[in-house]
Amino acid sequence: MVPVSYYLVLSGVLFGLGVIAFIFKRNIITIFMAIELMLNAVNLAFVAFARAWNQLDGLVFVFFVIVVAAAEAAVGLAIVIVISNNRRSLNVEDVNLLKF
Amino acid sequence: MFILHHLWIILLLPLAGAALNGVLGAKWPKAAVNAIGIGSVSLSFLCVLELIREFVHLGASQVPYFQKYFNWISAGRFNVDFALQVDQLTIVMLLVVTFVSLLVHIYSSGYMAHEGGYARFFSFMNLFVFFMLTLVLSTNLILMFVGWEGVGLCSYLLIGFWFLKDSAADAGKKAFITTRIGDFGFTVGILLAFWAFNSVDFGTIFQQVANRPAESAAGFGTLTTICLLLFAGAVGKSAQIPLYVWLPDAMEGPTPVSALIHAATMVTAGVYMVARMHPLFSRAPLAMFFVAAVGAATAFYSATIGVLQTDIKKVLAYSTVSQLGYMFLGCGVGAYAAGIFHLMTHAFFKGLLFLAAGSVIHAIGGEQDMRKMGGLRKKIPVTYWTMLLATLAIAGIPGFAGFFSKDEILEAARGGPHANVWLWLLGLVGAGITSFYMFRLIFLTFFGKPRYDEKTVHVHESPRNMTVPLMILAFFSVVGGWLAAPHLIGGTDYFEAFLHPVFASYGLPAAVSQQESLAGAASEAAGIAHSPGMELLHSVTGWPVIVAVLGLLLAWWFYIRKPGAAKRAKESLGGLYRLVWNKYYVDEIYGALIIRPLLWISTNVLWHGVDETLIDGAVNGTARVAREAGGQLREIQSGNARTYATWVVVGAVGFSILLFALWMVR
Amino acid sequence: MPAGNHLLTVVTFLPMLGVLAILFLKSTDHVWIRRIALAASAAEFIISLFLLRGFNSADPGFQLQELHDWIGRGIRYHLGIDGISLFLVILTTFLTPLAILCSWESIRKNVKGFFISLLVIETAMIGVFVSLDLFLFFVFWELTLIPMYFIVGVWGHDRRIYAAIKFILYTMFGSILMLVAILWLYNLSPGTRGMAPTFDFPEILARLGAGLIPLSGTTELLLFAAFFLAFAIKVPVFPLHTWLPDAHTEAPTAGSVILAGVMLKLGTYGILRFCVPLFPHAVLRAAPIIGTLAIIGIVYGALVATVQHDLKRLVAYTSVSHLGFVVLGIFALNAISIQGAVYQMLNHGVSTGALFLVVGMLYDRRHTHEIKQFGGLATPMPVLMAFFCFIALSSLALPPLNGFIGEFLILIGTFGTHHTWAVWATSGAVLSAIYLLWAYQRVAFGKITVEKNQKLPDASLREKLILATLAAVIIFMGVASPLFTHRMAASAGNVLRPFNQMQNAMRAKANHHAALAAVTARARHPEPARRGGRSEAATHGSLFVPASVSMLSPSAGLNP
Amino acid sequence: MTLPVILFFICGAFAVAGAILLILARAPIHSALALILVMVSLAILYLLLGAEFIAAVQIIVYAGAIMVLFVFVIMLLNAGVENRTNWSKMAKYAGLPLGIFLLLEIAHWVWRSSVGARMANGGASQAAFSTRALSMQLFQQYLFPFEATSILILIAILGALVLAKRSE
Amino acid sequence: MMPASQIANLHRVAPEIVLCAVGILVMLLDPFVGAAKQRVLGWIAFAGTLLALAAIHVAAHDAGPAYSNLVFADGFSLFVHVIVIGAAALAILGSINYLDQEGIQRGEYYALILFATAGMGILGGANELVTAFIGLEMSSISTYILAGFRKRALKSNEASLKYFILGSFATAFFLYGIAMVYGATGSTEISRIQAVLSGLPHLPDLAVLGLGLIFVGLGFKVVVAPFQIYAPDVYEGAPTPVTALLASAPKAATFALMLRIFFVAFGSASSLWFWAIWVSAVLTMFVGNLAALVQSNVKRMLAYSSIAHAGYIMVAFIASTDLGIAAVLFYLAAYALMKMGAFLVITHLGQQGEQRLNIKDYGGLGMRQPVLAACFSLFLLSLLGLPATAGFLGKFFAFQAALDSRVIWLVVIAAINSVIGAYYYLRVIIAMYFWEPSTDYSPTAVAPALTVALTVAAIGTLYLGIFPARVLVLA
C-alpha cells in the first residue's frame, strides 16, 4: 500500500536536489544534467498523479516532457560545443562577458 | 462753458506736447521744440484762465463740477471712471501748476539752451505737467494715484536727466523708490478706503463720512487708519520725515526741474492730497495730530540742516522740505486753507529762488558751492534783486507773500481747532532758522569779496528769457500774499473765503465754525482787543516777525559784520556741528540698517541659501539618489549565471511563501 | 451644444499647416522657412481675433463649443472657450509671431527645426486653453513640453542641457500625478446615479455641482493636491520655482518669450479652470497655505531678482514674483481679484515677454546677459533703451499702464478677503520698482564702461516694429481695460459659483443679521475664513463693521 | 510492509542517492552515471505505478539516447573535473539554504496534500495503464501537441545543425 | 472524427500551419539557394508572415475551440496572433540586411523565426497547459538558437547559453507547477481547471504550490522581477533583430497565456495572486527604471526599459477586469510596435559587429540623419509615454484599468517610475540633438527593408496614439 504522497515527496526531493545541483554545478554539461533531473522529478509527479486520478493524460504529458527534454538536450549540447569552441572552458562562471 | 465740458483739453495739450517732442523732437530744431513745449503749456494755462472765467458763473450747487469721460477700470463692484472735477481747490492748484510751469518752461528754453537732449527735456516736462494736472483734476483716488505715480516717474526721469552722471542716476532712482515706499501706504490706504466705502470716488466717500462723528483720538478707527496710510504716501511724495532723504539728492537734476517739480508743484501734491481728503482727516484727530507733528518736526529739523549747507541748491532743497513741513503743520491743525495758501505762495517764491539760483549758477559757469561765490550783487543785479525779494518772502518779513501764509499757519497752530503749543514753538523756531539760512545764502552769494577766480570765470547776467520769468515770479512773491492782507486788519481773507466752500462742505460742523473764527480765536489767544490798528500792529510785531528779524540779524552778524564768527562757532560747537553738517547721518543710517542688510540677505540667504542650496539641492539630490540606486541595482547583474539561478530560486521561494501566507490567512 | 462652426479647431491646428508647409522645404532654405512660419502665425493671430466676434460676453458658460466622439470610453474631442481662455488664446497667437520675428536672425543653427518647434508649441498651448475634455487637455498639456525641451536644449546657451532636463523632469513629475488624478476623477464620475463615466470637464463639473459625485474630504484634497502640484510647478509657485531661472537663462529669446509669456500661464490657467471649480472645499482648506506661498513668492522673487548679476535671470525671478500675484488673486476667491488675476496673466505675458525680447536684443548685440557687461547703453542706443524703460515701467505696475490694472485689481480683491495678504503683496509692488529701476540704471545709465558698447547699433526697424507693437498693447491694456474685463466678468464669476452656493447655504443656516451670518460663516467655514478673520482682527483692531460681511464671504465681489 | 512499499523505498533511496551523487561528483562523467542511476530507479518506480510504456521510454530514450548523447559530448570535449570556483557569492551562501528550503517546502505541501492520500498501489482499480489506450489518447485527444512536438524536434535538429556546424 | 470539424480545426490553427509550412519551405530551399541569394529566403519568410496574417482572417471567420479544446481561436488569441506575427514580420524585415552585414545570411534563421512565431501563436491560443508548454518550448528553443546566431561573437554565445540554461531552468519550474495543478484538479485544461477550482470551497494546497511555480516559469518569460535577471544580458548579447523579437513577441504571447491561467483558471483565487503580481510589478518597475538610468550602452538600456515596461503591463494586469485585459492587450500591441521600432533603429546604427551601441555614438545624429533620428525619438518618446503616441495610451489605459479596480498606490508608484524612466530616454534624445555630431563614422543609408519596417512601426505608433478607438474595440 504505497500512498501517492510517497511518490510525490520523492519527486519533490528530486526536484529540490535538481535545483541545488543546478546552482552548485559549475560545469555546463552537469548543469544540463541537473535540468534533466528536475524534469525527471516532474515526470514522476505526473505519473503519480495519473495514478491518483486514474487518468492516462498524465502519462501523455510524461511522453511530451521526455520529447522536449530530448530536444533541449540536443540544442543545449550544441550550444555547449559552440561555447567550448570559442572559449576553452566549460565553467559557467567563466562565461561573464555580459554584466551590469 | 466750453472748457468746463472739455476739461480733458487742459490735460491733453501737455500730453500731446510730450508725445510730439518725445517721438519726433530729437530731429527738430530748438525753435520747433520750444514752440511745442512751451506752446502746449501756455495754451493749457490759457484754458485754465478761461476755465476760471466760466467757473465763477457756476452756482454753488454745481460745485464741485464733475465731468465723466469713460469707464476706465471695471471689475465686479470695483468701478473707476476717467472723470474730472473742478472746485475752488482745483482751481487754485490748476492756476499754480500751469502758471509756474509756464514760467519754468520759458526759463528752461534759456537755461537748457546748450544742453543735449533738449527735446527729451521738454517732453518730460510736458509729461510732468500732464500728470500733475491729472492729479489735481481727478475725481477719485485711483485717478489721483495715476497722477501721483506719473509725476513721480517724471521726477525720476528729470532728476536723472544727465544720466551720464552716476550721482544723477542714483538720485533719480532714490527719489522714485523712496516715494514708492510712501506709496505703499497710499495704496493700502486706497484698498482700505474702497472696502470701507465700496467706492473710490471722492464724492461718494465724502457723502458717507459726512454724517459720521469724529473718531476718538485714542484708537485706530477705520478713518484714522485710512488717513494715516494715505498720509504715508504724502510723507514720501512731499519729502517729510522720515522719507525726505530723496529731495536733497534730487538737486542733481537741472535747476528748472528743481524749481518746478521739487519746489513748486510735485512735492506739494501731498499737501493737496491731505487737503483734498480733509473730510476724512477732520474726523481722525489722531491722524491730524500726526500730520501736524510730522510737519512741524520736519519744518524744524530740515531747517537746521539747511543752516550748514554750502551748495546753494541744497540749501534751497532743505528749505523746501522745511516749508512743506509748514504746509502739513497747517493742514494738521485744521487750517487747510492756510496750508494751501502757503503752498501757493511757496510755489512763487521757492520757484523763484530756484530759478534765481539757477541763474546764479548759470552766471558763474556751473559753480554751485556758495563758498566759491560772493560779491555777485553788482554783476547780476536782476538775479540779485529778484532773489532778495524771494528771500524776504520766505523769511516771512511782513508785507511779502510768505509772511501772510506762514503767519496764518502759525496762528492756527497756536489757536486753531487742533492747536498744539509745542508744534507752534517748533514752527516758530524753524521760521527763525529759515530766515537765518536764507539770508546766509544771500550774504554768501551776493555780498563780500568774490571768492571765485575772476580771471577764468567772467560773470554775466542771464538772457532775457530767463530773467523775465524771474521778475514775474518776484512780483507774485511780493503781492501773492495780499489776498489775505485785509484779514490783518480784521477784514476777510479772500483766499480763505474763496476756498471756504470746499472745506466747509463735509467738514465737521464744529470744525467749520472754528475755521471761520480762526483769526478771531487766534487774536483772542493773543489777548488783544479788536481794533484794526491794533490788529495790524499785533500781526506785524507777532512772534513770527520777531524770529524772522532775529534770524536776519544773526545772519548779518555772522557773514557780514564778523565773517570769522562762523568759524569760531564751528569750533565751539564741535560734535553738534559735525552731526548737522552730515545731515544727522540719516542716509548712512538707512544704508546700514535697511539697504545693505536687505541686499545681503537676498544674496546669501535667499538666493544662494534657499534657492541654490536648499531647493535645488533637494532636487538634484533626489536625482543623485536615483542614480546611486541604479548603480547598486546593476551590481546584481553580476553576469554570473549561478547568481541568476539563485535569484530565480529566491523568487520561487519568495512568491510561494507569499502565496501560502495569503492562502493560510484565508 | 456643438455649434456648426469649427473656428476653434481651425485656430488650434492652423499652425500645423505651417509646419507641414515647412516640412516640405529644404532645410537650407532659411528665408522661406522664416517667411512661412511668420505668415502662418500671423494668419493664426488674425483668425483668432474672430473669436472675439463670435464671443458673447454675457454668457458665463463655454462658447463656440465643438464636440466629437474620439477614442470612446468617455474620451471625446471637446473644445470651447470662456472669458478666461478667450484672451489667453489671443495672447498666445499674439506673442508667437513676435517670437518668430525676434528669432529672425538670431537663430542660425537648424532653422527648420526651430520654427517647427515654435509652431508646434503654439498649437499645443492653444490646445491646452481650448480643450474641455480632461484627456484632451492632458494630451496638449504634455505636448507643450517636448518642443520647449528642444528649444531650450538645442538653441539654448551654455548650460542648456542641464536646464532642459531640469525643466522637463520637474514638469513631468507634476503632470504625471495630475494624470493619475484625472483618471481617478474619471472613475468617480459615474457618481451615485451610475451615469456613464466621462472625461468631459463641464459634465463632471455639473455632476459635482449637483452633488451626484460624492467626494470625501480626503479624496477631494488628494485630487486637488495632484492637480495643483502639476500647475504649481508650471506657474511656478514658490518652492517649486527653481527650474524657471535656469530654463530662462539658457533658453533662446523666443523660447523665453513663449515660456514666460504663455507657458507659465498654463499653470495659472489650470488652477483657475480646474482646481478651483472642481474642488471648492479643498481649495478653501488649502487657501491659507497657498496664499502664504504666493506671498512668499512675491516678496522672495522680488528680493532675489534684486541681486542678480544676470539680466535674464533677473527677469526670470520677476516672473516668480508677478505670478505670485496671480496665484494670490485666484486664491483670494473674490470676483475682483480673479479678474485681476486673469488680467495680470495677460499683462505678464505682454510685459515680461517684451522684457525678454529686449534682453534678447541686447544679447544679439553683445552675446552676454551679464549686467556688468552693459552700462551706459542709453548713449549708443537711445531708442532701444527708451523702450526698455517703458516696458520696465509697465512691468513695475506704473499707472496707467497695463501692469497697474491687473496688480491693483488683485490687491483690491485680495484685501476684501484677506487684509494681511494684500498688505504683504503691496510690499512686492514697492520692491518691483527697486529691482527694475536698479537693473535699468545699471544697463542704461552712467558712462559706457565696456569698450565694445561704444558703438552698438540702435534698434533695427524690425526690432522697433516688435517693441512698438508691444508698447501700443501695453498702453491700450492700461487705458481700455473694461474691453477685457467685461468679457471675463461672467466667467470669472462662474468660477466662484460653488463658493457662492456654499456661502448661501451658510447664509440660509444662520439668521439674517449680517454680523451673525458672518460669525456662523466663521464657525462653519473651514480654515481660510477663520484665518482671514483672525489676521484682520490682528491688523486693524476694531475694523469697520459694514465691510466685514463682504470680508468674510470668499466671493464678496460677486453679490453687490 | 508489503513488497511495493519495500520496492518503493529501495528505488527511492537509489534515486535520491544518485541525485546527491550527481551533485557531489566532480567529474562530469560520474555525474552522468549518477543521473543514469536515478533514471533507472525511476523507471522501476514507473513499472511499480503500472506505467510500462513510460518505463520503457524512460529506459530507451532517457537513459539510452539522451544520456548517451551527454556522455558522448563529455567525451568529445573531454571535460575534466570541474574546478569549484566560487565567484558567485550569492550562490555560495544563499544557494544551499534556498534549495533545501524549496525542497522541504514542496515536500511538505505534497505530503499533506489531500490527493496524496490516495493509494497508488494495491488500491482499487489497479489495472496497469494499457499502452493501447495511451496511444489512442495521444493520437486523438492530444493530436495537436503531438504534431507540435514534431516541429519542436525539427527545431532542435535545425538548431543543432546551425550551431554545431563548424562555422565556415 | 468528422471531416467538417476536422476542417474547422485546421481553420482555427491556420496561422500556425502557414508559419510552420513556410518555415519548412524556407528550410528546404536553403540548400538550393546560393549563398549570395540567401536574402531571398528572407523575403519569402516575410511573405510567409503576411500570409499568416491573412490566415488569421481565416481563423477569425471560423473562430472557436479546436482539437478537443486544446487551443482556442477566439478574439483574444487572434489579437495576440496579430501582435506576434506582426512583430515577427518586422523582425524579419530588420534582419535581412543585418545578416548580410554580419555575414551570417542563413535560411535557417528565418525558418527558426517562423517556427518561434508559430510556437508563440500556440502559446497565445493554448487552452491547455501541456499544449501551452509545447508552444512555449517551440518559441524558447528556437529563440535560444537565434540568440546565439552570431556564432563567432562571444557575447552572442554567452547570451544564448545564459538564455538556454536559465530558460530551461525556469521551464522546469513551470512544468512542475503544471504537474501540481494537474494533481490538484486532475486536469490541465484551463476551462476544466476553472470549473473544478470554482467548485471547491477553497483552493487546494497543491494548486497554490502550482500557481507559485507557474508564476516563476511565466514570470521568467515575461521578464518580471526577480526573474528579469537574465534579460539584460541576453538582450544585449543576442543579434539586435532577435533582441527586438525577444523583447516584444514572446512577452505578448506569454502574457496572453498568463491572462488565461490567472484570470480563467485561477480566477477564483485572484485575491491570492493579486499581491504576488503587485509586489513583482513594483520590483520590476523600480529595477528596470533605476538600473536603466546608469546604462551607457543604448541596447542594454533598452533591455532594462523593456523590463520596466513589463512592470507597467503588470499594473494593467492586476486590474483583473475586462478593462484590464483590454489594457494589457493594447499595451502589448503598442509596446511591440515601439520597442520593435527602437531596436530596429539600433540594428541599423549598430553597424558592422554591433560596435556603435554606446550613447556617445549617437552624438549629433539629429544633424547627421534627421529622419532616422526623428523616428528613433518618436519611439523613445512613445516608450516614455508622451501623449499622442501609442506608449502614452498604453500607460493611460493601464492606469485607468488599475484605478478602476482601486489599485491606487501601485498606479502612483508606476506614475513616479515613468518620470524616472523619462530621464534615460531623454538622455538619448539629448545625445542625438543637443550634442555636436560625432564625426568618427560615416552614416550609412537605411536599407529599403528596414525603411519599410521603421515606417510601419512609426506610423503604427502614431496611429495607436491618436486613433486607438478601432484597436481598443478589438482588444
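Quick notes on this structure:
Should a chain be cited, it is by its letter among A, B, C, D and E, assigned in written order, with residues numbered from 1 in that chain.
Convention: a contact is a pair of C-beta atoms (placed from the backbone, for glycine too) under 8 Å apart; a residue touches a chain by one contact, two chains touch by 3 or more.
If you're wondering where the values come from, they're calculated on a predicted model, not measured in any experiment.
Graph distance from chain B to chain E, where chains that touch are one step apart, equals 1. Comparing mean CA positions across the assembly, the chain most remote from chain C is D. The chain pair sharing the most C-beta contacts is A-D.
Each chain's centre was taken as the mean of its CA atoms, and the one lying most distant from chain E is B. Averaging Cα coordinates per chain and for the whole protein, the chain whose average falls nearest the overall one is C.
As a whole-number value, the distance joining the C-alpha centres of chain C and chain D reads 71 Å.
Centres computed as Cα averages put chain A at a distance of 66 Å from chain C.
Chain centres here are Cα means. That of chain B falls 104 Å from that of chain D. Our note on geometry: chain C versus chain E, Cα centroid distance of 44 Å, whole angstroms. In chain A, the residues that touch at least two other chains are 8, 15, 18-19, 22-23, 26, 32, 45, 48-49, 52-53, 57, 60, 64, 68, 71-72, 75, 79-80, 82, 92-93, 95-99.
Residues of chain C in contact with at least two other chains: 169. Of all residues in chain E, those that touch two or more other chains are 130, 134, 137, 141, 144-145, 148, 151-152, 160-162, 165, 169, 176, 180, 183, 205, 208-209, 232-233, 423.
You'll find the chains touch as A-B, A-D, A-E, B-C, B-D, B-E, C-E, D-E. Chain B makes touch with chain E in their complex at residues 623, 626-627, 629-631, 633-634, 636-637, 639, 641, 643-645, 647-648, 650-652, 654-656, 658-660, 662-663, 666.
Taken in their complex, chain C has these residues touching chain E: 27, 70-73, 110, 113, 135, 138-143, 145-146, 149-150, 153-154, 160-161, 164-165, 168-169, 172-173, 176-177, 179-180, 183-184, 186-187.
Across the interface of their complex, chain A is touched by residues 634-635, 637-642, 645-646, 649 of chain B. Chain A makes touch with chain D in their complex at residues 1-21, 23-27, 29-30, 32-34, 36-37, 40, 43-45, 47-54, 56-57, 59-60, 62-64, 66-75, 77-82, 84, 90-91, 93, 96. Of all residues in chain E, those touching chain A in their complex are 130, 133-134, 137, 141, 144-145, 148, 151-152, 154-155, 157-162, 164-165, 168-169, 172, 175-176, 178-180, 182-183, 186-188, 232-234, 236-237.
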